[in-house]
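Before anything else, here is the set of structures, which you'll find just below.
Two complexes are shown next, each including chain A; its partner changes from chain B in the first to chain C in the second.
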Partner chain A sequence: MTTPSELLTTGTGRAVAFEKIPRHDLAAFQRIVRREIEGGQRVASFFGSDTGEPGGIDLLMVLANDEDGQLNILSARVEGNSFPSMTPDCNQVHLFEREIAEQFGVRPEGHPWLKPVRYSDPSSLPGSGDFYQVEGDEIHEVAVGPVHAGIIEPGHFRFQCHGEHVFHLEIALGYQHRGIEKALVEQPVKRALHYAETLSGDTTIGHATAYCQLIEALSGCKKTVRAQALRGIALEFERLANHIGDLGALAGDIGFLPTASYCGRIRGDFLNMTAVLCGNRFGRGLLRPGGAGYDLDAAQVDNLLKRLDLGEKDAASAIELMFDAPSVLARLEGNGILPAEICQTLGIVGPVARASGVQRDVRHDHPSGIYRFAQLPLPSWNSGDAFARGYVRWLEIKHSIAFIRDQLHALPAGEIHTATGPLKPGCLAVSLVEGWRGELCHVALTGEQGNVQRYKVTDPSFHNWAGLAHAMRGEQISDFPLNNKSFSLSYCGHDL
Partner chain B sequence: MINVIRARIHQKHRTIRFPDAPPPAMPERFRGRPRIDATRCRDGFRICAAACPTNAIVFADGKPLVIDLGKCLFCNDCKLACPEAAISHSTDYRLAVRQHQDLILEPDAALVLAEELGGKMKKLLGRSLKLREVSAGGCNACEADVNVLGTVGWDLGRFGIQFVAAPRHADGLLITGPVTQNMKSALLDTYTAIPEPKIVIAVGSCAISGGPFIDHQEVNNGADSLLPVDLYIPGCPPHPLTILDGLLRLFGRVDDTKIALKKGE
Partner chain C sequence: MINLLIHFVLMLAMPPLLLGVINKTKALFAGRKGPPLLQSYYDLIKLARKDMVISQTTTWIFVAAPVITLVGILMAGCLVPLGPFHAPVSFTGDLILFAYLFAVGRFFTTAAALDTGSPFEGMGAAREVTFACLSEPALFFALLVLAKMSGTLMLGDLLHAPLMVSGQGDPASLVLVAIGMFILLLAENSRIPVDDPNTHLELTMIHEVMVLDHSGPLLGLILYGASIKLFVLGAVLLHILFPFQSGSALLDWGLFIVEMLGLAVGVGVVESIMARLQMRHVPYLLIAAILFCAFGFVLLVR
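Presenting the complex of A and B:
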C-alpha cells in the first residue's frame, strides 16, 4: 500500500509546490520505486537537479500510473559522487541513470553498461569507446554511421554478427546534441518556444504542446476550448503525415514501390493541411503559450474538410495495397518481434508498445486539452513484429482522420488565446502528450523568482531505442533497415 | 496485380510542372520573404529586434533596420511585437543566394537571388549533379523537406539531381543542421572524401547561422564557419519549393518572368 507521504500524486498539466514533493533517503526512494514498478507503474521521467545546495544533487522521478491516470512524484538526495544503480533489477531506468551520470558526474554504482548518452564532453565523440563484443570463430562486427546512405539523421550502429545473423546491436547516439535542455534554462525566454518546436522537427506540434501546457500550468493560465481543439487537430495532422510517410518508407525498404511512391506524396498533402492552419508544413508558429497563434475561418474549415476527404481516399488506396500484398506480409510477419514483457521491462511507449499488445496511450490514460472531451479508440495488435508496428499505425490513421473531421465539424466558438502571467515560484509541473511516436514528457521546476530552474525533456525515442536493439537480436542484418523504419525513432529528440 | 493497376489509376500523375510552368500556389498563411515597411518603423523603436529569437533584426550603419535571412526563423515574433506592422511576410518563396552577405535584407533593395554557376562548373554539373547529404545537428525538418524533393510530386531526378550513398560518387555536399561539435569531424571527413571540383550547399537557418541554436557551445553556427559554401537556402525549414528553386538557379533553370506572384510581391 502507498502511504500518502511517500508519493505526491498529481496529473498532467498541473503545478505543485516543490516543497510538497516527498524527499526520501536514497534507500527508501529506491525501495518505493521498485515496489511501485512491480505494482504496474512505469518511469515517465527520472532526472537530476542541482538545487544549489553544495555536495550533491536531487534525484526526481515521475512515475506514471496508467490505470488510474495519475502521476506520482518523489525525490531523493544524493550526497557525494555516486549512488547504487537500480538498473540491474529495474531495467527501464538504464538510460536515465546514464544521463544523470553524464549531466552531473554522479556515478550509478553497479550499472551494467555505464557510457555517456550524448557525449556532451568535447573530449570524446559518440561511437568512440567500448562496445559490447561477442567473441568466437567467424564472429564479425559491422559498424554503420554516423553518416548514412540516404538523407537520414546521424547515429552509429554496431552489430555483432555471425554471417547474416545478429547476436547483438548496440546503438550510439549524441551526434545531434545541441544543448537544448540547458538552453531552456540559460537562454532568453523568447527562444523557448522555438527550442520546443525544434526538439524534433517532425514532432513540432507535439513538443510545442507539451511546452505550452507546462507554461500554462505554472502560470495558472486557462486556455479556451477552441484553442484546445485547434491543438488537437494539429497534433492529429502531425500523426497522419508521419504515419503515412513512414508506411511508405516501410514499403520502400521492402521494395514494394507503388505504396512507397504514393505515400511519399500523400504525406506531403497532409503536411500541406498543417500549412493551411499556420503557413508552415511542420506547424511552426501554430501554438503559443496560452492558446493558438492562428484561428480558422469557415472557408478554411471547408478547405481542410475537402482536403481531408481526398487524402483519406488516397491513403486508403496506397496503404491497403501494401497490406493486401502477400510479398509484403511475408517480409513483415514474424520479423523483429518485441515481446510484451520486454516492452514492460524497458518502458516502451507509443505505437511500438501498442503493436506488442501493451495498451498505453497518453490520449487515453492521461488526457489533457481536447482529449478530455473527445476520445479516440485505442488500436493495438499482439504479434509485436514489424507487421504489427506498421499495421497499428494504419489503424491509427483511420481514427485520427475521423477525429479531425469531428473536430472541424464542431469547432467550439471563442477566442484562441488567453494571456499567460508570470510563472509561480518554487513549483514543479509535468506535461504529457501523445506524440505520433509515443509519450512526450516535459517537466519544469521554477526557482524563487519564478524563473525556470530545470527543464527536462523525455522524447519517446529515449525509451524506445533500446527496444529496437532488442528486436534485432536473432534477426538477419539485412532486415535492420526494415525494423529500424518500423520503429521510426528520432535521433535529435533523443540527443536534445 | 489488378489492385496495383487500380491504385495506379486512382493515384494519377502528380509531378509538378515547375519550372516550365508556374509553381504550385503557396499556402495563404505561408511566411516567405519578409517585407519591411521603413516608413512605418519609428526611429529608435526597436521592439522587433528585442523580440527576435535569434537577433536576426539589426539596426546598423544608420539604416532603419535590416533582417539577416540566414538567422531568420520566419516566425511571427517580430510581426506580433510591432504595433506599427512595419514587418510582414510575403508569400515569395524565392530566397536562395550565393554569398553570405546577400542574405541581409534591406527595406527597399531587392534580394540578390542566386546566380548560376560559372562556365566550367555549369558544364560539368549542369546536367548531372550528384549530392551527398550530411545531417549535422538540427531537428530533422530540413532533412524531411529535402527528402520530399525525391517524391513523385517533385521528382528531382528529372533535373539530373540525385542524392548518392557515397561521398566518392558525389559532386557536392548538401548540409543541414548547425554542425554540432559531435558531427564536425564526420562532416569534414565527408567533404574531404568528395572529389574536386565540388560544391557545398547549406540548407536551413541552422546550416547557415546556427538557427535557433546559434551561439550554443555545442554547435558551430553553421557550415561556412568550416567549409566554403556555394549556395545558401534560408528557412526554418525552407519550403521544398524554396530548396528546388535554389538548386535550379545554380544552373540557370529558373525563368523569373514565368513566375506569377500575388500583386505587390
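Presenting the complex of A and C:
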C-alpha cells in the first residue's frame, strides 16, 4: 500500500506547496515509481529542475492514476553527474531520461539508447550521431527527411529494410527546437500565453487551456461556469477541425479522392466556427487566465448552431463514404497494428491509445473545467490498426458535435472573466488537458517571489512518436505515410 | 495517306488531353473545379522551357533513358492500328516487338533510376520490374486470344479480329480479355488502384519515384511519353471494347476520338471511387488480369 509520505496526491489544476512533495533518495524513488507503474499508473511527466540548492538537480515525476482520477507527485535529488536509468524495466521514461540528460548533463547510467532528444546544443545538429542499424547483405537503409515532398514539418526517419519489409524505424526530431520551456520562465502572463498558443499551432486552444489552468491554480482564481463552457466549446471545435482534416488527409494518402477533397473544405468550415467565437480561426486570443477573452451573444449562438448542423451533415456524408468503401477498408484494416500491451508499456495517449482499446482520456479520467459537469462518452476500438485510429476519430467527431450543441443550448449565464491575482510563491501545479492528439501536461514551479521558475510541457506527441516507430515494425515501407498520418503527431510539440 | 497522317497527328497531339479528361473527371467526383482540360499541355510547355539539374553521380544513361523510352513508345504506337484503320507499320510477328518496345523503355527507366543511387528510386525500380513480370504474361495471353481468333500474328490484323468476328465470334472470351486489358491499362500507366500519379509520398510511389531526379525537358519527355503510352494501350483496348465500324472514314475517326475520351472518363471514375491497393496486394490484381486473359484463351480453344 502507498503510505502517504511516499507520494503527494493531488489533481489537475491544483497548486501544492513545493516543500510538501516527498523527496526520496534515488533508490527509494525508483522503487516507488516501479511499483506504482506496475500497479497501473503511468508517467504523465518526468523532468529535472535546478531551481533548488546548487550542486545538483531535483527529479520530479508526475504519475497519473487514471482509475482514481488522481495525480501523484514525488521527487528525488541527483548529486553528481549520473543516476541509474529506469528505462530498461520502465520503458515509459526512455525519452524523459534522454531529455533530462540533454538539459542538465546528468547521465542515466544503463540507458539502452542514450542520445539527444532535441539536439539543443548548437554543436550537434539534429539527426547527427549514430542510428540503430541492422546488418546484412540484403538489408538496405532508407533515410527520409528532414526535408519532405509535402508541406509538413521537418523530421528524419531512418528505416532498416529488407525489400519492402521494415525491421526497424528510428525517428530523429529536434529540428524545430525553439526553447519554449525556457522562454516560459519569468515571463509576463501576456507574452507567456502567446508562447503557449503558438507552441504547436494546431493545438492552440489545448495548450492555452493548459497554461491558463496553471496560472489560475497558482493564483487561486475561480473561473465562472460560463467561461469554462466557452473553453470547452473551443477545445471541442479544435478537435473537430483537426480530426476532420486528418481523416481527409488519411483518405488522400490512400488515393481516395472524394473524402480527401471534401474534408479539406469541411475542416475549414469548423475553423471558421472557431473564428465566430473569437475572430481567429485557430482560436488565438480566445483564452485568458481567469476566463475567456470573448463572449457569445444570442445571435452568435444561433449562427454557430446553424453552421454546426450543416457541418455535421457534410462531415457525415464525406466520412461515411470513406468507411463504407471496401477498397478503403482493405487498405486500412490490419495495417500498422499497435497492441494494447505496447500502448501501456510506452505510455501512449489520446485517440491512438483508444484505438488500441486502452481507455484513456483526460476529459474522463481527470476532468477539469466544464468536463466536471458534462461527460463525454469514451469512444474506443480494439484492433489498434490504421482503421481503428481513423474510426475512433470519427466517433469522437460525433460526440464532440453533440457536446458543443448541448453546451450552446444551455450556455450558463454570468461573467466570462475573473481577475487573477499574483502567483503563490513556492508552489507546484499540474494541469492536464485532453487536446485533440491526447494528453497535454503542463507543470509550473514558482519561486519565492511567486515567479515561474521552471515550466515543463509534455505534448502527447512526446509519448506517441515511439508508438509510431513500433507500429511500423514488420510492416511494408510503402505503408509508412499512411500510418504516420493515422498517428498524426506534432513535430514542433515534441521539439518545443 | 490521309488516314496515316491523322494517325500520327492523333498519336502525337491527343495524349495529354486524356490526362486532362481524367483529372477533370476526378475533380467532378471530388466536388472541385479541377485544372483546365489543357493543363497537361501547359505543363509540357513549361517543362520544355526550364533548365535541367542533373546529378553529378549519374551517367549518360540518366539522360538517354527518357529519350529511348519515348522513342520506344512512339514506335509501339506505329504498330497499333487506330479504330478500323491500318497501322503505319505492320509485319508478321510484330506483336512481340510491340510488347518489348515497352520493355525497352522500362529497362532504361529503371536503369536511370538505379543510376542516381537514391534509395527511393531503387525501391521504385524494384517495384516496377516486379509488377512488370506479372503484367507481361497478361498482355501476351490477351494477344494470344486475338491471334487465335484472327489466325494471324500481325498486330494490325489481329487487333481487327473482334471487328471481323463480332457477328459469329466468341464474345465471352472477348469480355474476359477486355477486363484483363483494362486492369493492365491501369497498372501499366501507374493509375489508381496500382499507383497514385498525384501522390507526393515518395515511399508509396512506383513509377513517379523513379523519375524524381529528372527535371525540366527530360521530365517533360517522361510525362509526354507516359501519356502516349496511355493512348496506345487505350487504342488496343478500344479494339476489344468497341468493335464497330461505320464505313465512312470521317465518322470512324470521330468515333475513335469519342471512344478514347470515354475511356479516359472511365479511368477517372475508377480513380475517384477506389482507394489504392496495399503494395503487397498489387500482385493479386495483376494475377487476376492474367487469369482473365488466360481463361479467355481457354474458352476459345476448348
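Throughout what follows, the second predicted complex is superposed on the first by the 490 of 496 C-alpha atoms of A that agree within 3 Å, B and C clash if a C-alpha of one lies under 4 Å from a C-alpha of the other, contacts with A are read in each partner's own complex, and residues count from 1 in each chain.
Basically, contacts are C-beta pairs under 8 Å (C-beta built on N, C-alpha and C of every residue); 3 or more make two chains touch, one makes a residue touch a chain.
Quantities reported herein were computed from a predicted structural model and do not represent experimental measurements.
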First (chain B), second (chain C), both or neither touched by A:164: second
Partner chain(s) touched by A:217 [first = chain B, second = chain C, both, neither]: neither
First, second, both or neither for A:142, with chain B first and chain C second: second
Partner touching more residues of chain A, whether chain B or chain C: B
Partner chain(s) touched by A:429 [first = chain B, second = chain C, both, neither]: neither
Touched partner set for A:150, first chain B, second chain C, both or neither: both
Which of chain B and chain C A:262 touches, first, second, both or neither: both
First (chain B), second (chain C), both or neither touched by A:489: neither
Which superposed partner A:125 touches (first chain B, second chain C, both, neither): first
First (chain B), second (chain C), both or neither touched by A:330: second
Interface residues of chain A shared between complexes with chain B and chain C: 149-150, 258, 261-262, 265
Residues of chain A defined as touching chain C within the complex: 140-144, 149-150, 163-164, 251, 253-258, 260-262, 265, 325, 327-328, 330-331, 335, 476-482
Sites on chain A touched by chain B in the complex: 118-120, 122, 125-126, 146-147, 149-154, 174-180, 183, 188, 190-191, 194-195, 197-202, 204, 258, 261-262, 264-265, 267-268, 272, 275-282, 284-285, 293-294, 313-314, 317-318, 321, 324, 490-492
Chain C residues touching chain A - in the complex, by the definition given at the top: 26, 29-32, 119-120, 122-123, 126-127, 192-193, 196, 198-204, 271-281
Chain B to chain A touching residues, read off their complex: 3-4, 6-8, 10-11, 14, 27-31, 51-54, 73-77, 89, 132-148, 150-153, 163, 165-166, 177-178, 180-183, 185-186, 190, 211-213, 216-219, 236-237, 239-240
